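Contents: one structure, followed by commentary.
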Amino acid sequence: MSSNTHSQTERHIVFLVLLVAVTLPLLFPIGWKTEVSGYARMAWQLIDSTPDSSVVVFSFDYDPSTMTELQPMAEAMLYHAFSRNQKVLAMALWPQGVQMADQAYAKVIKSFPDKKYGVDFVNMGYKIAGIVTIQSMGKNMPEVFPTDERGTKYADIPMLKNVKTLKDIAYANSLSSGTPGIKEWVMAAHDAYGTPVTGGTTAVSAPGLLPYVNSQRQLNGLLGGLKAASEYENLIGQIGSATVKMDAQSVAHLLILVFIAIGNVKAFLVRKRSKA
Amino acid sequence: MKRNLPLIFAFLTGFLVVISEFIPHRPFSLMISTLQNWFLIISGFAILLGQISLFQANLAKIKQKESGWYFYLAGLISFMIMLLTGLLWGTQEYKGILGHGTHLQSLVGSKPFDYLFDFAYMPLSATMFSLLAFFIASAAYRAFIIRSFESNLLMITAVIVILGRTSFGSMLTSWLPENLRFWHLPNLSDFIMEFPNSAAQRAIMISAALGIIGSSLRIILGIERSYLGGDK
Amino acid sequence: MKKTLLLVMVLWSIVSFSAAKALFSANDVPWDDGKALMLNWSAPADTVNLQKADSLGNWVTIFKGVGKEFQDRDLDPDKTYSYRLLIPRAALGDSIAFKATAQPKEQWFYLNKLSYLLILLAVSLAVLYYVNGARRGKDYFIRRISGLDSMDEAIGRATEKGKPILFVPGISDLDDIQTIASLTILSHLAHKAAEYDTALIVPCRFSMVLSASREIVKEAYLKAGKPDSYREDRIFYLTDDQFGYVAGIDGIMVREQPAANFFLGSFYAESLILAETGFSTGAIQTSGTAQASQLPFFVVSCDYTLIGEELFAASAYLSRDPQQLGSLKGHDFGKLLTILLIIIGVIAEIAGWHGFKAFFEGAQ
Amino acid sequence: MSSFAGTFGLWMAVFFTFSIFSFLYKDNPFYKFAEQVFVGLSAAYWLVYLFYSIMLPNLFTKLLTDFKGNIILLIPAALGIMMLLRLIPKTQWLSRFPIAIMIGTSAGINMVRYAKSDLLSQISATMINPFADGSASSIVGNLLLIIGTICGVYFFYFSKKQEGFSAVPSKIGIWFLMVSFGASFGYTVMARISLLIGRLEFLLKDWLHVIK
């Protein structure tokens, strides 16, 4: 039993060291710079090159558990879309996404006080059934969204006057932390209706989505994790909440590497001793 | 009939979806639109069913005074409070049964439902997964041990990517001359993501897709019918 | 009907009068659902003004700018639409007009999806062929997954040490195929455990998984001829909260110190916690999941890991269930086809025959 | 915002944050309490949004405002109610119809969507001329992409014994898988740390006000 308590103490020490390592850079920022990767630039380019007053979809497919990673992306991309004068339709394939969308709008709208609800942006709320919903949007959007979140009828929303199906959407941007999310948007929006799709996701899901970023542009670039969010903030020239956190991120990464190294040295010594 | 008719339904709907993918002519596209719209509504009831079952299960645990039943009671009470506030006064945008509850809003600062979301749901949800940061640290120390050629490969890649995805990593190799830029850590980690990682993920994707095509086919044709439950 | 015919004839005469058919044309987009028309023009001017007649016959501008073509969408099939193209003549301050009409038509097949249909048919037919064959008793070969040998070895080690075996069937319910595959392997392991008289602990997260596990283990003990050694209380329900379940298993690993751990099935974020605790207790660990994002943690901290499809293959190998076996053979056919197509495609691209790739990309 | 409600809310958020963190020491009543509250709130959240975002606009409002025009919606509504009858043992079998429709539709959609996006498109995306772009890194990269995909798929091919020569591609396949797992590993480390940073920022900024 003593070896168990020993291993528990060891574990608690590791926890404590990590806590300190993450807290310190938050209190005393270092100011390391980030470099922009190709995937983030690709997503930026799509939004940047989409013409004035196009209607675009922002799909909020996540919940508060991953908002540290995804909310900065949503805000930065929304800021970018607004600055290019695009009209944003927000929706959510996760019920919690509705609140995430409202929070992102509330924050970004401060920089764009003339933007009007219904004319420049709208929140259509949560829709169930993931991929089926996207497929239906490809056929008939008013059927999927009879009203917006405030109860306004689809036909009465000025910015959606000429928007009938996904084909009238310039691009769909999914901020996703799982299923349904980017994968479903690629499958049903791009591969079925040809709507360009881009998005941001948690670092956990990013590697599995990269095969979609190919010559067929199933996915137009991808933001993966907090680092990519800070890259995007860099691209639009805004120091947002992601950039501020990157120092803590870097220090923690180094600490993890140190842990791996110590663990391996320890295991090596144990093996050597048992051999001797 | 109790068994075969549902199988026919599954076949008809599945088959309709598949052929309408290839046939642009009416009436298929109209039929599929209708079916998808129905699917949306039935899914709503399915979620409702799931939540009611959860409610029932917790109620049973409380009734039988299972160990830790008071925790389930706390869960049930928070469920009821959140549900009632949501239905009575609505959420940020939606109007509830009693309207927008302006008086309450001025008292609390926001709608009661949103108040609960901001100050209870959000911190709970966000903190739950942040626990994993600690576990990954202790696993790094205690379990990520180099053992074979394969695990070496894994660890080396991991180290490059962990470094490459930080601001620190780019600083570390920023002195490299222009013709060695490939070895600059962020570039190297992007190269790994773009080529070897994409290749392996694509292989996983392809073999998983084949599995999904196979199992979907078996469901549509009624070969696989375990989803209907036992024969009782 | 007569009216439209008349209208068409009138419009037609205008078009032929302007004698500019080649300059401006409207055509049905082929192989589609009859909702689009393609308008093409070749004009010397930089900017053109493209107009469409609305239901009252008024001209409405639908495109203004530089270009050579425009696709008008969201139309009704079989309805006639009229367009006119205005090319400004800057010198004269006016513009010349060209007219065109067309009807969008529905077709019976999306021709650009031919490759897609063929590949779907090929895989489907292969699956059906093999499932049928397996059902008729044909014994197809699939290779033994090497992980199975190391599993048997792990049980042997546990027996030597006189310590129990821990089996975790994942955190999904019975509707996940990974759980089903996991239970097939459990049946095999339970048989071995019964033979060696080694204790087998199975904590479950769902009641359905619990009853299925009990049934399976009981049957395995019966088959091994040791029904008396079967202990129902070693297969138990823990809790259905994700982290609570993991905390419970952690407790078992620390208390009972099992010599062999098996984590097979569907795992999410908790894979890491399980594998770490198991590693620190010194158990031989075998894991397997199709959840790609969790595989890295299993690979580094377990002695053997069944990667993705290997989990299903192991299950088919052990159960010899015609459905699983036949499907797997069908998928294997698909994999060979994939490899073949990629090789041919790469050669074709290098040689400069771009038609092959274009066919699979679905270009029209 | 009224200051009492705001302060109370903040302290509630802090309490729940620490209750969850206490799991790091060991499983304890505070954690169990917080966890069950979370489960309850989450279920209620789903139901409330289900009602306002789906049931109301897509079904009830349509039926109430224009019953005749939407009479066909009675069919999915009836199927939905049949789904709920699963809760009563005697009528359980009725739920098989809506389940069959849902499973059938999903199976159809999965089949076509995966065949297109994850099979066909991935095959054609691998048909590349590795030498098209002159730079050494892109040639090497493209070759790795082609070889890795082929060998990776072959690793999952179970119809042949992997001995002698036929074991080579599958060995290469597993190397690629390992590199990819390493990359995922690195990315996951990043993700988990981010979430912790988010929580610490909440504690340091909103609660303790030590950072701006």
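As written, the chains take the letters A, B, C and D, and residue 1 is the first residue of each chain.
Rule of thumb we're sticking to: a contact is a pair of C-beta atoms (placed from the backbone, for glycine too) under 8 Å apart; a residue touches a chain by one contact, two chains touch by 3 or more.
The structure presented is a predicted model; accordingly, all values stated were derived computationally and were not measured.
Novice: Quick check on the contact graph: shortest path length from chain B to chain C, in steps?
Specialist: 1
Novice: Most C-beta contact pairs, which chains?
Specialist: Result: the chain pair B-D has the most contacts.
Novice: Can you work out the whole-Å distance between the CA centroids of chain C and chain D?
Specialist: So the centroids are 14 Å from each other.
Novice: Based only on mean CA positions, could you tell me how far chain A sits from chain C in angstrom?
Specialist: 22
Novice: How many angstrom lie between the centres of chain A and chain D, each centre taken as the mean Cα position?
Specialist: So the centre of chain A lies 13 Å away from the centre of chain D.
Novice: Would you give the residues of chain B that are in contact with at least 2 other chains, written as numbers and ranges?
Specialist: Those would be 18, 21, 29, 36-37, 39-40, 43-44, 47, 91, 94, 117, 121-122, 125-126, 128-129, 131-136, 138, 140, 142-145, 150-151, 154-155, 158-159, 162, 165, 193-194, 197-198, 201-202, 204-208, 210, 213, 215, 217, 227.
Novice: Could you check chain C for residues that touch two or more other chains and list them?
Specialist: Each of 116, 120, 123, 243, 280, 292-293, 296-297, 299-300, 308-309, 334-335, 338, 361 in chain C touches at least two other chains.
Novice: Return the residues of chain A touching two or more other chains; collapse runs of consecutive numbers into ranges.
Specialist: 7, 15, 18-19, 22, 65-68, 96, 98, 125, 127-128, 132, 135, 144, 149, 151, 203-204, 207-208, 211, 214, 216, 225, 227, 249, 252-253, 256
Novice: For chain D, which residues are in contact with chain C within the complex?
Specialist: Listed in rising order, the residues are 23, 27, 32, 35, 39, 111-112, 115-116, 119-121, 123-124, 126-132, 146, 149-150, 153-162, 177-178, 181-182, 184-185, 188.
Novice: Flag every residue of chain C that touches chain B in the complex, lowest number first.
Specialist: 31-34, 77, 106-110, 113, 116-117, 120, 123-124, 127-128, 131, 175, 177, 243, 269, 272-273, 275-276, 279-280, 290, 292, 296-297, 299-301, 308-309, 312, 323, 327, 330-331, 334-335, 338
Novice: Spell out the part of chain B that touches chain A in their complex, as residue ranges.
Specialist: For this pair, the touching residues of chain B are 29, 32-33, 36-37, 39-40, 43-44, 47, 91-95, 114, 117, 121-122, 125-126, 128-129, 133-134, 136-138, 140-146, 155, 159, 162-163, 165-171, 186, 190, 193-194, 197-198, 201-202, 204-205.
Novice: Using the touch definition from the top, list the residues of chain A that touch chain B in their complex.
Specialist: Spelled out, the residues of chain A in touch with chain B are 7, 10-11, 14-15, 17-19, 22, 32-35, 37-39, 63-68, 96, 98-99, 102, 123, 125, 127-129, 132-133, 135-136, 139-140, 143-144, 149-151, 203, 207-208, 210-211, 213-214, 225, 227, 246-247, 249-257, 259-260, 262-264, 267.
Novice: Per the contact definition, I'd like the list of chain A residues that touch chain C in the complex.
Specialist: Those residues of chain A that touch chain C are 4, 7, 164-165, 167-168, 204-205, 207-208, 216.
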